[in-house]
Amino acid sequence: ADATKNLKVAYDADPVTLDIHEQLSGGIMQLSHMSFDPLLRWTKDLGFEPRLAESWERVDDNTMRFRLRKGVKFHSGNEFTSADVEFTFDRLKQSQDFKAIFKPFSRVDVIDEYTFDLVTSEPYPLLLNTATYIFPLDSKFYSGQTEDGKDKGAILKHGSSFASDNLSGTGPYTVTERKQGVRVEFERFADYWDTDSPGNVGKIVLTPIKENATRVSALLSGGVDFIAPVPPNDLDRIKRDRNSELVTMSGTRIILFHMNQERVEAFKNPKVRQAIAYAINQEGIAAKIMKGFATPAAQMSPAGYQGHNENLKPRFDVEKAKKLMKEAGYEDGFTITMMAPNNRYVNDDKIAQAAAAMLARINIKVDLKTLPKAQFWPEYDNRAADMMLIGWHADTEDSANFYEFLTFCPDADSGAGQYNAGNYCNPEIDALVEKANVETDLDKRAAMLQDVEQRLYDDAAFIPLHWQDLAWAAKKGVNIEPVLNVMNFPYLGDLVVE
Amino acid sequence: MLAFLVQRVSQALLVMFVISVIAFAIQDGLGDPLQEMVGMSVSSEEREAIREELGLNDSFVVQYLRFAGSAIQGDLGNSYFYSKPALEVIAEHLPATLELVIGASLIIIVLSVPIGVYAAIRPQAWLSKFFMGVSTVGISIPVFLTAIVLIQLFSIGVTVNWFPADTGWGQWLNEFFTTEGGLPSYGRGDDLVHLFGTWESGLFTGEGLAHLVLPCVSLASIMLPLFIRLIRAEMMEVLQSDYIRYARAKGLGAGRINFLHALKNTMLPVITVGGVQLGIMVAYTILTETVFQWPGLGLMFLEAITRSDIPLIVAYLMVVGLIFVVTNTLVDLIYGLVNPTVKLTGKKA
Amino acid sequence: MTSPLVSIQNLEKRFDLSGSFLEQLRFEGGRLRRKQEAVHAINGVNLDVHKGEALCVVGESGCGKSTVARTVMGLIAPSAGEIHYGGQRIDHLEGKTALPYRRKMQMIFQNPYASLNPRMTILQTLEEPIRFHHPDWTAQAVRDKIHEVMHSVGIDPDWGSRFGHEFSGGQRQRIAIARALAVDPEFIVADEPISALDVSIQAQVLNLLMDARESRGLTYLFITHDLAVVEHFGTRVAVMYLGRVCELADTRTLFATPRHPYTQALLSAIPKLEDDRPNHIRLQGEVPTPVNLPSGCVFHGRCPYANERCRQEVPMLITTDGGAQVACHAVEEQRL
Amino acid sequence: MTTATVSRWDRFRESFFWYSFKRDKVAIASFLVLLSMVLAAVFAPLLAPADPYDLAQINIMNSELPPVGLDGADPAFPLGTDAQGRDLLSTILYGTRVSLMIGFGAVVLQAALGILFGLLAGYLGGKVDAILMRIADVQLSFSTLMVAIIVGAVFKASFGSLMFGEIAIYMLIFIIGVAEWPQIARTVRASVLAEKKKEYVDAAKVMGFGTARIMFRHILPNTLSPIFVIATVQIANAIISEAALSFLGLGMPETQPSLGSLIKSGFDYIQSGSWWITLIPGLVLVVLVLVINLLGDWLRDVMNPRLYKG
Amino acid sequence: MALLEVKNLDVRFAVRGGDLTALRGISFSLDKGERLGLVGESGAGKSVAAFSILNLIAKPGYIAGGQILFEGRDLAAMSERELRKIRGNRIAMIFQDPMMTLNPVLTIGTQMVEAIQAHRKISRKEARAIALDRLKKVQIPSPEKRLDQYPHELSGGMRQRVIIAIALLLDPEIIIADEPTTALDVTIQAEIMDLLLNLCEQENVALMLITHDLGVVSQVTRRMLVMYSGRIIEQGPTREIINDAQHPYTQGLINALPQMGEPGARLFQIPGAMPSLKNVPSGCPFHPRCNFATEQCKRAMPAYVRSGNVDVACYEVANLIEQEKRMQEAES
């Protein structure tokens, strides 16, 4: 299609760098999908769609063979080959942010120009999930030295590097101008390989607008064509607006509370934890605070994930909660501290306030502090409060990732349970997850993971609240719906503007 | 004159020193800059390594000395978030803020002088009373409320149907209060003209100017009433003076008396206050820029705070301190030129 | 002659104008120079005030009259020279040691509108110094004293609870005098106490001061620029010009035979009721500023008799045959 | 004394102050409005239908109810509820209380610092003056907003985030007080410099009174009227400053809201239809600040001797 | 016809709590080239009288009644436009305090030139020439330099000379000088008075000199008015009044001068002080301080009676004259 349309986009943030290996964050992933292509990508229903890899096949338990698309060109004009994949893989293993995800992988074996093997050290069921993170870089472009003698491929967390200011991928858009924090301009890559793509946008201007209300106003007053995220409070308004269109999806980011058993004796008692689980009205929070813009949760895995357990339902029942408190010997309640960020998740501080009010009903007095994220995370690392709110999105789009970071027995050496601020520890469950992680039969694996969810639920290991929904809004005529997905990586290359 | 300059330079240095020490002393309190730099799943060892690399684990004194050492050579360090020299980041954001301040100052000057003078010459006229009333209300409304209301009225627009539409006057009133909206409510627009260096200006294109309107008006809304009141009060006092009476006794016309004799004397104190207010206005841009997502220094600063981007915070504070001292010095110089009775010394007037 | 009650010896006072070291630096002709500027308010004044007399100091504005008064009272420190009271040097005393002299020496000021604290009632104004200097007195004793001074200056004790601004200038000046008298001083410095008052009120205040002198045996150092008042009130007169005393004589002598050319000009300039045209001695030139003191006799620029010596040499006070002391080369050389 | 002294009350009733107050309708109206707001705030615990600090009284299901008179209103919540389901009337009453406390507290602190330093600088002059005024200059180089951001961070750093909620109100008082003392100090200094030249000060010195006595007993009372005038305006400014800080998320926590943080918390809802959460506290704030400013204007007219001389 | 004739002038100030009458029934006249003195204590209304002649009373003051006839035209009823043609042009004014009357931010030259150009259509250059000429007339040293100087660069005496020069710029018929020398030193005062007197004589300008110094009045003027509490209580030839004042207040004023008493002796004093306008006593405002006051004095303001060439408003004087007349009648 002729790419002649212009699109003005307002996100809450712009990409912090052009080096997609410098940071693992939503913004960078969005950039990756605009200027690069992955080997394969997620479809709307969480299946896989080939991109730079045309096909793949399992060679053995530890090896997967990929065949690459031919005739693909980088922005620089260089031809795309297996060597670029190898280069990219090695660089990912260097990246501080990505190396953890690529830990199970040992190497890339180049077979020929368009064929390579991806090798893991052990059987790894999530190989393809992870492969969605491989956006091949232009190895020739990123090799060698800059004028002042620096390695072009270096990943620099701070200070400018070649890669953070220059980019050459295979993606649909090249970056023509970038003023950080102000705007980024993209232009359709003339030699883009995917000629079947219906996308007809020739130029994209991305402006970061951090303030929710301003972003919405920008759309309503016609200043921009497409905004994300849409704050829950404004959903109605956009729905009512004749010139705008709203797209929502239930998301995969779980919001939950940890109850720190090391700080509060009572939290060691499962009855108390269950009481709290019964006291929290997930439906209420989702309906009122999130304006229905969240899916009440009773577990961590969202629908579509292997670990998602259909049977688990929110269990709001104040009477039951009071009874449990009484049984546990805490009829008169106790006082705890609670902490939540106030600018990290959608309505995070309001959620925490509401939860505090709900706990007050079972005589748990809550001393709540909400903090900006920069101050919240250090406190979180110190486990500075008795209950802490956290949101989690599995980078691998897989349930096991939740458990590894949020419920595993904390172990500083292996890094397990890094964000387990409840200090909940059940080695049995951990073992079960470990087993699932090398189970390549996906059905068996799903059963194991669902069992894990059930056990965590029974034990009230944490208090799940909801999965944060996703919302985008665009002007009428900008057909965003087809290019959106739950990972929140709009495939703008395929966007059609009428 | 020499003493005056030496005094100002030393004041500027002192301001910058104090700020940098304070900013460094508090950096731990602002949060962990790493949170914005790495993804959630990065392990603690990795984080520790980055910290070490950035020198964040050194003691306060070591960090400060390192900073001061390079600061003396004009290097205020690299912004964590922007990954480039903090001064460069500031230089990029400065034009946006300056344009905002210039625009607001123009509005203030163009409106405050005639209104203030009028209200002083005709204190009893209903129009004067109206202006004074509005200005009192004006200083009582926080700038962010003004900004919110402006956006609602002029960007989004409101449709009013409070009045009976079937009567002519009702319809007229409805139409009167109904606003179209359509003025840009965020950012500087796409149509900027590149001047030099990092300076892109919105002053030369229709779109650029349109984007300037609401932010400038709301920024001006805080200072305008102050200036009107100040000019009026000073002018009223000047009008009572003997030399004004004398000018009248000489048979001079009202125009010459009001606009030469009185106004010139009125503007002297106003200039001094204006200088201070100009400095304060730079700080107020924090609020305006937040609401209008104006990509200037204020927004940058606030974001730097939420990101604990210490080098940028320090640099911003130092630069703003410097701007304040420089504008004050300029204003004092102008004051010295305009007012024949003072000679510049190190002492405050 | 008995030893003087108050003795001012070689008094000098400079007010620095140039500020800190930095401010003294100046670019001149491309070079950096240090330039100090000072007002030479008093340049070597010697005056003795004897018990019981009313020594008047006259001179034009800015000649240093008030500065003399204020240094004598210890309000400002002299740059050089000494002040003695009853044979005791007092200009360097501070705090407690100065207190006895604070009581013995009092001051009356020029501006009756500024010399009373607007936030204090008359009663408080009078009471505070008494309590301060006599902490051991009973309330009754204090009250009696207040009554007494109020009576002696002719203000109604009923006014006690009112504030200064409720009174006319003359009444205020009476209250100020009452405040000075409340601590039973021996010596009063009056700095132009009547020049802000109307003629009819001037007479009242002047009478009051003369009565007080009689009944309390006060000694005055009386500063004024009104020669008619001097003639009426003073026993001796010192004429000052630009920080120097140029003539010092008994009142009668001075008015009968003024010797110094400046004194002569001054006397001739007083408008008299019997005149029907101004007929004064015309002085030439402009009044010099005390910042750039002229060399030699400070008056030479305006003096019709000045010669080369006057431009070079500072004249000393010499006693003439009439008994007056005059600082003038012309008089010394008997040219005049 | 034999006389019947005029009582202070009589003196007050005869004063110009009372006279011009009686004659100024705006001043009377402002005073009455302010008085009722202060009373409402002081007696908030008695007047408020609910205690917004008591979480057990809040039900999330009551959130965002509109004020009475609009569709869907619940008479139990006359001004509606906020996003948490708190009664807006109660939160406003308590919020006004917090705002007023911060306003008055900050100004008391400002005045204490400003008066002390202004007196010292003005009266002692010389080095003391130079140093104090240099500090004031340096501090004036930053607006309250910036000082507040910095000092706030210091506080958080030294007290830890947990303590922060409890001390937030004192912190804001401290910040605004400290940030704005130079304003008052300069005014005081200027009037001290003028007063110092007056002869009653010399008269006091001649009496042998000590420096402290002269400064505080003689000079201070005479500098009070300008202080009084700016202090009034400063209360209004302090309330606005607090609101601005809260708007930026640096002020009172939402669990203990001031008017500013109420506006802030409602800001997200204003365009989505629940305008009352922001607009009603906003209106209260504007009215509160407006009446204080109007009283300040009136005081300035009454007390500025330059304008009513003759 | 007199050049200026003030008839029954009343001036009031509208202040809180009602009007204050600052001038009541003021009548006098001024002939061409005449020199008239106006004396009285502070607050008597001298300045108000001076300003009201030019209809320059500032709010809240206003002319409440009477006429100010200048060449037969009533200034009190004139429009601002017409008044402007007279102010500074036909009638010039010299203010009390030379430090405050010149605008501090404009040069002497500007302030002189604008005064000329306000009334004459001539070029700046010509105006400057006139200004220079006047500065020479008032004997300012190096007059060319002064034109470009600012007021603060001149001494008090020089500033007052400048102001006199400005008054003379347009060859006015009348100069009103409101205490032109009170702020100056005795020697300078004498010089300035001398200068003013000479210039007025040379140019045949009428001078209205306001002062509270009786010595100056006697030196400079030929006729004088004595004001007390907003009223003229005595007017007539200066010499006659100084030598033989009729009104008890004028007598007291003269006798209270230290010049009049023996050195060291108690001075004659008038008890009390002039009342403020807020509580002017009924009848003759001087009666509470007057030794001769009778019941009659408290009731109504006395009318003017003529004694010699002097008009006096006093019952005592009237009675004396009456008595004398009767005695004369009895004699004849």
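Points to keep in mind about this one:
Chains here go by letter, A, B, C, D and E, matching the order in which they are written, and residues are numbered from 1 within each.
Going forward, a contact is a pair of C-beta atoms (placed from the backbone, for glycine too) under 8 Å apart; a residue touches a chain by one contact, two chains touch by 3 or more.
Every value quoted in this text rests on a predicted model; they were computed, and no experiment measured them.
Counting steps between touching chains, the shortest path from subunit A to subunit E takes 2.
For the pair subunit D and subunit E, chains touching both partners: B, C. Should one ask which of A-D and C-E has more C-beta pairs in contact, the pair is C-E.
Of all chains, the one whose Cα centroid sits at the greatest distance from that of subunit A is E.
Each chain gets a centre from the mean of its Cα atoms; for subunit B and subunit D, those two points are 23 Å apart.
Distance from the subunit B centre to the subunit E centre is 54 Å, each centre being the mean of its Cα atoms. Centre-to-centre spacing of subunit A and subunit B amounts to 39 Å, using the average Cα coordinate of each chain.
In subunit B, the residues touching two or more other chains are 29-30, 148, 156, 290, 305. Residues of subunit D in contact with two or more other chains: 156, 267, 270-271. In subunit C, no residue touches at least two other chains. Residues 11, 14-15, 18-19, 22-23, 25-26, 28-30, 136-137, 139-145, 148, 152, 156, 236-237, 276, 279-280, 283-284, 286-287, 290, 302, 305, 317, 320-321, 324-325, 348 of subunit B touch subunit D in their complex. In the complex of the two chains, the subunit C residues touching subunit D come out as 70, 73-75, 95, 98-99, 102-103, 105-107, 109-111, 114-120, 123, 128-129, 132-133, 143, 157-158, 160-161, 176, 179, 183. Interface residues of subunit A, counted against subunit B in their complex, comprise 10, 16-17, 23-25, 96-97, 99-101, 156-161, 164, 179-183, 205, 207-211, 213-215, 217-218, 220-223, 343, 372-378, 381, 392, 395, 405, 412, 415, 418-419.
Residues 29-33, 35-46, 49-50, 53-54, 78, 80-84, 92-93, 148, 151, 155-156, 181-188, 190, 290-293, 295, 300, 303, 305-308 of subunit B are the ones touching subunit A in the complex. Those residues of subunit D that touch subunit C in the complex are listed here as 1-3, 5-6, 198-200, 202-210, 218, 221-222.
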